[in-house]
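For reference, chains read A, B, C, D, E and F in written order, and residue numbers begin at 1 within each chain.
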Amino acid sequence: MQTHPKKLLVVIGESALEKFLVRDIKQFGALGYTIADVRGGGGSGEREAAWEGDRSIRMEVVCDEAIADKIAAHILATYAKNFSLSLFFNDVSVVRREKF
Amino acid sequence: MDPVVLFFLLGVVAKLAKSDLKLPEALYETLSIYLLLAIGLKGGVELAKHPILTIAPQAFAAIAMGATLPLLAYPVLRFVGKLSNVDSAAIAAHYGSVSVVTFAVGLAFVLKRGVAYEEYMPLFVALMEVPGIVVGIVLARMLAKRELPDSSDSPGDVRLGGSTETRMGASNGTRWRMLAHEIFLGKSVVLLVGGLLIGWFAGPQGIDPMRGLFFDLFKGVLALFLLEMGLVAAGRVADLKRAGPFLIVFGVAAPMAFSVIGATVGYAVGLSLGGTTLLAILAASASYIAAPAALRIALPEANPSLSIGVALGITFPFNLTFGIPLYFEIAKRLHA
Amino acid sequence: MDPVVLFFLLGVVAKLAKSDLKLPEALYETLSIYLLLAIGLKGGVELAKHPILTIAPQAFAAIAMGATLPLLAYPVLRFVGKLSNVDSAAIAAHYGSVSVVTFAVGLAFVLKRGVAYEEYMPLFVALMEVPGIVVGIVLARMLAKRELPDSSDSPGDVRLGGSTETRMGASNGTRWRMLAHEIFLGKSVVLLVGGLLIGWFAGPQGIDPMRGLFFDLFKGVLALFLLEMGLVAAGRVADLKRAGPFLIVFGVAAPMAFSVIGATVGYAVGLSLGGTTLLAILAASASYIAAPAALRIALPEANPSLSIGVALGITFPFNLTFGIPLYFEIAKRLHA
Amino acid sequence: MDPVVLFFLLGVVAKLAKSDLKLPEALYETLSIYLLLAIGLKGGVELAKHPILTIAPQAFAAIAMGATLPLLAYPVLRFVGKLSNVDSAAIAAHYGSVSVVTFAVGLAFVLKRGVAYEEYMPLFVALMEVPGIVVGIVLARMLAKRELPDSSDSPGDVRLGGSTETRMGASNGTRWRMLAHEIFLGKSVVLLVGGLLIGWFAGPQGIDPMRGLFFDLFKGVLALFLLEMGLVAAGRVADLKRAGPFLIVFGVAAPMAFSVIGATVGYAVGLSLGGTTLLAILAASASYIAAPAALRIALPEANPSLSIGVALGITFPFNLTFGIPLYFEIAKRLHA
Amino acid sequence: MQTHPKKLLVVIGESALEKFLVRDIKQFGALGYTIADVRGGGGSGEREAAWEGDRSIRMEVVCDEAIADKIAAHILATYAKNFSLSLFFNDVSVVRREKF
Amino acid sequence: MQTHPKKLLVVIGESALEKFLVRDIKQFGALGYTIADVRGGGGSGEREAAWEGDRSIRMEVVCDEAIADKIAAHILATYAKNFSLSLFFNDVSVVRREKF
C-alpha cells in the first residue's frame, strides 16, 4: 500500500484547554484532530478526573512535520508555563495524504 | 447537623481511608446540572409571585456585596498572606462569588427549622455568581500593571493575560470577549438563569408536573452530590498542607467575617430572618464551579490548587458543619 | 406552550450563544433509555385493560399509514427538491417513522388539557417506528436500479448496498439480515416493545411500585431531555443553511400535511379526540433515534446531515411549538 | 414472579438476540451506587429502632454462616468438580459472600406478600459481604501450600500471591494489607456500611426528606439495574458452556442447599418468617460485585470467567425466578 | 528486551462502524483490537459526540504489516466514501510476537 | 524544533490493574502516565466494558528506553500470566526531555 509519512502530535493536558487547542491547530493549518478524555499524572501531580478542574484530554493531530512543529512551539510557548501539559511527536504514515 | 452533611463526611472518610469509591464523572456532572437547574426553577417559580420593584433594591445590594468582598479579601491575602498578586486576586474572586451547594445546604437548614425566608433567594445565587469573579480578575490585571512599571502599556489600561500579546493565543480584545463568554455563558450561570426564567415564565402550575424530578428528589440528590464533594474535598487536603497555615486560617476566618457583612446587608435591605441567614451564607461561601472555570482562562498564572484547596478543602466543610448554624445565630441576633 | 418546551428553547439559546453547557453523553443515553421504557410501560399497562380485537384494526391502520407516508414524501423530495435518490429515500424514511419525544410532549399537551385519549397509544409509537424505515430503504434500492440500468442485477431484485457486492463488507443476503437486526433489535424498538410487554404482563398493580421512577419523574426527565435536544438541534442549523431553502420549507410543510393524514386516519378508525391528536402528532413527527441509526447502515450513501438536519433542526422544534396545538385544532375540527 | 424480574428477562432476551441495547457504564455504576446506599440507609434507619443487644447474636450467626459456607462449597468444587485449588476457593468465596441485588429482589418479594420481617436485615447484607471472601482466600493459600510441599515457606504460613515474592509486585505483608484494603474499603462495603451509619445517626426523621430519592425510586431503579444484569448475565453463558455441566449443576444445587442452612440458622436465632426467608436468600446468593473485585487481586490465578459465569449466569437468574419463592416455602415450613 | 516489529493501525471514525470494523479486522486475521470513545473534527466537519449519530471511536490494531495493509485497503474501499473516517499506520514493537 | 527520542510504552489491560500499574511505573522511575478507559478484544476474549470486571484501560508512559524495558519486563512477569494484558513500544520524540 502506497503510504506517505506524516507527523502525529499528541498533546495531553487540562480539559480547560480544549477549545483553545482546537482553535490553535486549525489556525496553523492542521486539517483534523481527535480528542479523548483521559486521566493521568506527571510533573504537576495526579489528575484523577474527579471533578471539572481535574479533567484531562488527549488530543491527537496528524499533519505535516512543519505544521506539527509550529503547533508544538506555539502550545509550549502559550500554555506550558501555566497549565499541566505534555506533548510528544510520532512518525506515522497515511494513505490519503491530502486529508492530513 | 443536617443528615446531608453526613454524606459529605462519608466521602471525606472514604477518600482519606483511600477507598476505591469513585462516582462516575457523568454522575458528578449530572448531579451538578440537576442542582443548578432545580435551584433556578425553585427561585423562578417564587419570583413570579413577587413584584420586581420590591426585589430590585435587595438584588442590587447583593450584587454590590459580591463585587465588594474580593476587595476586602485581596489585601489580606496579598499583604498578610504574602501571596502573589494573581493568587491573591484569584482566591479573592472565589470568595466574592458563591457556592451553590452551600446555599442548598443552607436552604435545607432553614426549611428544617421552619424559618420563613424570601423564597426568591435563588435569584441572588445567580446574581452573585459573576460580580466577584469579574472584580477579582480586574484587580489582578490592574495591580499587575503597577508591579510591572516597565510595561509599555498605559497604566490605566486593564489587560487580560498580562504583558504578552499572545498569552492564551489571543489579543487583548479577544481575551475580554472570551472571558465574558466564559463567565456569563458558563454552565452554572446558564443553568441557574435558565432555570429562573423557565420557573418565572411557567409559574407554579407549569412547573408542578415536574416537581417529581426537580423538587421531590432535591434533598436526596444533594446528599449524593455531597458524597462526591467529600471525596473531592478530601483530595485537596494535600494541596493545603503545601500551602501552609495562613490559607487554612483564612479559609475559616474569611467566611466568618463575610457572613457578618452578608447578614448585616441582608438585615439592612429588609430580608426576613431566613433570608438574612441565606445571604450571610452566600457571602460566606466560596465558589468552586463557576470561579475555577473562569479563572483558569482569565488568570492562568494563578495556582488553582491554592484557591480550590482553601475553598473546597477548608471553607466548604467549615460552612457545612459549623458555619451555617453560626450564621443563623448571627442573623438571629440582628433580628432580635 | 408547555413548560417542557421552554427547556428546549434554553438548550437552543445556550447552543446558539456558544455556551459551554453540555450534558454528559451517558446522561443523554440514560434519559433516552428512560423515556423509551417509560412510554412502553405506560402503554403496556393500558393494553392490559383493552381487548386486543378493538385495537387490532387501529393498529393495522397506524402501520399502513407509517408505510405510506414515505411514498408521499419521496417524490416531493426527489422531484421538487431535486435531492438525490438515496437522500430523498432517507429523508422520507425519517418522516415515515416517528419521534418518541414529540409523542411524549404531545401526551403532556393532551393530559394538561384533560382531553380523553386511548391510553394504549404508546403501542402505536412502537408499531410506527419500523415500517416507514423499511419502506424508505426499499424505495432507495428499487429506484436506484432504475437509475443504473447498466447494472448486472435483475431489475426486480431489490438490493441493499447498491451495486457493489462488498459494500459494507457483506453479501446482499447478509446485508438484509444485518439490516433487519439493526431495525428490529435497535435500542428504541427493544425498549419500547420490551416496556410494552412488561407493562402488559405485570399490569397496573405490578408496575405500581415502580411508578415513583417511571411515571412520577416522567415530565421532569422529558424536560431535561428536551434541554439536551435543544443543544443538539441548534447544532444542526449550520447543516441546514448549507442545504438550502427547500428542505426548510419541507420541514414545516411535511408535518402539517402528514398531520392531516394522521388525524383523518385516526378519526376514521374511531379514535377519540385525544387519540386522533396523538396519531396526527405521530404522523407529523420525524424519527431521530431509530431511523438515523438504521439508515446509516442501510443507506450509507445518504448524507445524514440532511435528514437529521431537517428532522431535528426544523420539524422537531416546529412540532413542539406550533405543530402540536395546530394538530389538536385539526383533530377538533374532525370531531366537531 | 415479581415484575422486576421481567426486566431481567428483557435484558437476557435482548442480549441473546444480539440487540445493540447497552446501558452506559456510568449508568450501571450509578445504579449500583444507588442500590448499595439505599439498602444501607434503609437498614440503618431501622437499626436506630432496635436495641443492639437483640441484634448482636443474630448478627454473629450471620457472620459465622458466611464464613462457613465456603468451607462447604470448596470440597465439592475441588473433589467432585475437579476444579483447581484456586478456582475452587474463588468460587467458594463468591458463594460465601452475598448478592445485594438478589437481596433487594427478595425484599420486594417479602414486601409484596406483606410478610413481616426484621427491618434491620440490610445490616446482615453488610456483615455477610466480607467473611466468605476472606475464608475463600485463606483456603486457597493454605491448601496451595500443601500442594507445593517443595516451597520454602513454613506450612502454617498462609501467603498471598503464592510462592513468588514479587507476585503482583509486592511482598507478602504488603499484599495482605492491600487485600484488606480491597475488601473492607471496596465500593460495596463502604456504601453499605456508610449508608447504615448515616441511616442510624440520622434516624427516620433525618432521612425522611431524602426518601423521594432513596426509597420511592428504589423499585424502579432495581428494575433498571436488573435490565442491565440481564444483559451482563446473558453474556456470561458462553463462559459456562466452556466450563461444562458440573458448574451448571453446582449453580443450582449450591443455592438450594445453602438456603436450607440459611433458613435453619435464621429460624434458630429467632428471626421472623420474613427474616428467615431473607437470611435464606442471602445464604443462597453469590456475590458479583465485592467478591470478583477482591479476588481478582487476591487470587489472580483464579479464572474469573468460571466464578462470575456460574454466579451471574446460573445462580443469580435461578434465585430471581425459582429460588426466592422456594426459599420462602422452606422458611414457611420451619415456621409452621 | 527482545522485541519484534509490528504495525499499529489506527482507525478513527463514526461509532456506527464499530461492529463492522471489529468483524473486518478479525476476518483479515488480526488477533486483537482496542477501542476508545473519542470526539474530533476533520474533512467531514466537527463530531462532538453530543448524540448517537455524532459519536466517534478510535480503534487500534497491532498486527503484521501485511494484515494491516489488507485491513486498511478494505476499510478505505468499503467505508471511506460514505463515512467520516481517518486512518494511519505506526511502527511499534512487541515482546510476545505470537499474540499480535 | 529540537527534539529528543524517548520510548512510549502502551499497556492495555484489565482496569483492576490500574493502581498497580501506576505504582509500578513510578517505582521504575517514569515521571508520568496517561490512562484512558477502553474496550477491546484479544487472546483472552472480548472485553466490552459492560460491568466492573469487564473494563479495560489503556496506559501510556513516555520515558527512557531503559526504563520502558524494565517496566515492560516487570509487567509481563507479574501480571501477564493471570490478567488480560497487551503491551507494545513506540518511538516518540519530545521537546522538554527532562519532563519524561
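Some observations on this one:
Everything that follows uses one rule, which is that contacts are C-beta pairs under 8 Å (C-beta built on N, C-alpha and C of every residue); 3 or more make two chains touch, one makes a residue touch a chain.
In this text, all values refer to a predicted model and were calculated from it rather than measured experimentally.
Chains that touch both chain B and chain F: A, D. Chains making contact with chain A as well as with chain C: B, E. The angle needed to superpose chain A on chain E by their Cα atoms is 120 degrees, rounded to the nearest 5.
Interface chain C/chain D: under half of the residue numbers present appear on both copies, so the contact uses mostly different residues. Separating the centre of chain C from that of chain F, both taken as means of CA atoms, is a distance of 45 Å.
If you average the CA atoms of chain C and of chain E, the two centres end up 33 Å from each other.
Remark: chain E and chain F have CA centroids separated by 19 Å (rounded to whole angstrom). Touching two or more other chains at once are residues 36-37, 90-91 of chain A. The multi-chain contact residues of chain C, meaning those touching 2 or more other chains, are 22, 24-26, 216-217, 293. Working note: touching chain pairs come out as A-B, A-E, A-F, B-C, B-D, C-D, C-E, D-F, E-F.
Per the touch definition, chain E reaches chain A in the complex via residues 10, 12, 36-43, 56, 58, 69, 72-73, 76, 80, 86-91. Residues 1, 3, 6, 8, 22, 31-36, 62, 90-96, 99-100 of chain F are the ones that touch chain A when the two sit in their complex. Remark: chain D residues 2-4, 6-7, 10, 13-14, 17-27, 108, 112, 216-221, 223-224 touch chain C in the complex. Residues of chain B touching chain A in their complex: 22, 25, 28, 166-169, 228, 231-232, 235, 289, 292-293, 296-297, 300-301, 304-305, 308.
On the chain D side of its complex with chain B, the touching residues are 24-26, 29-30, 33, 37, 181-182, 185-187, 190-191, 194, 197-198, 201-202, 206-207, 209-214, 216-217, 293.
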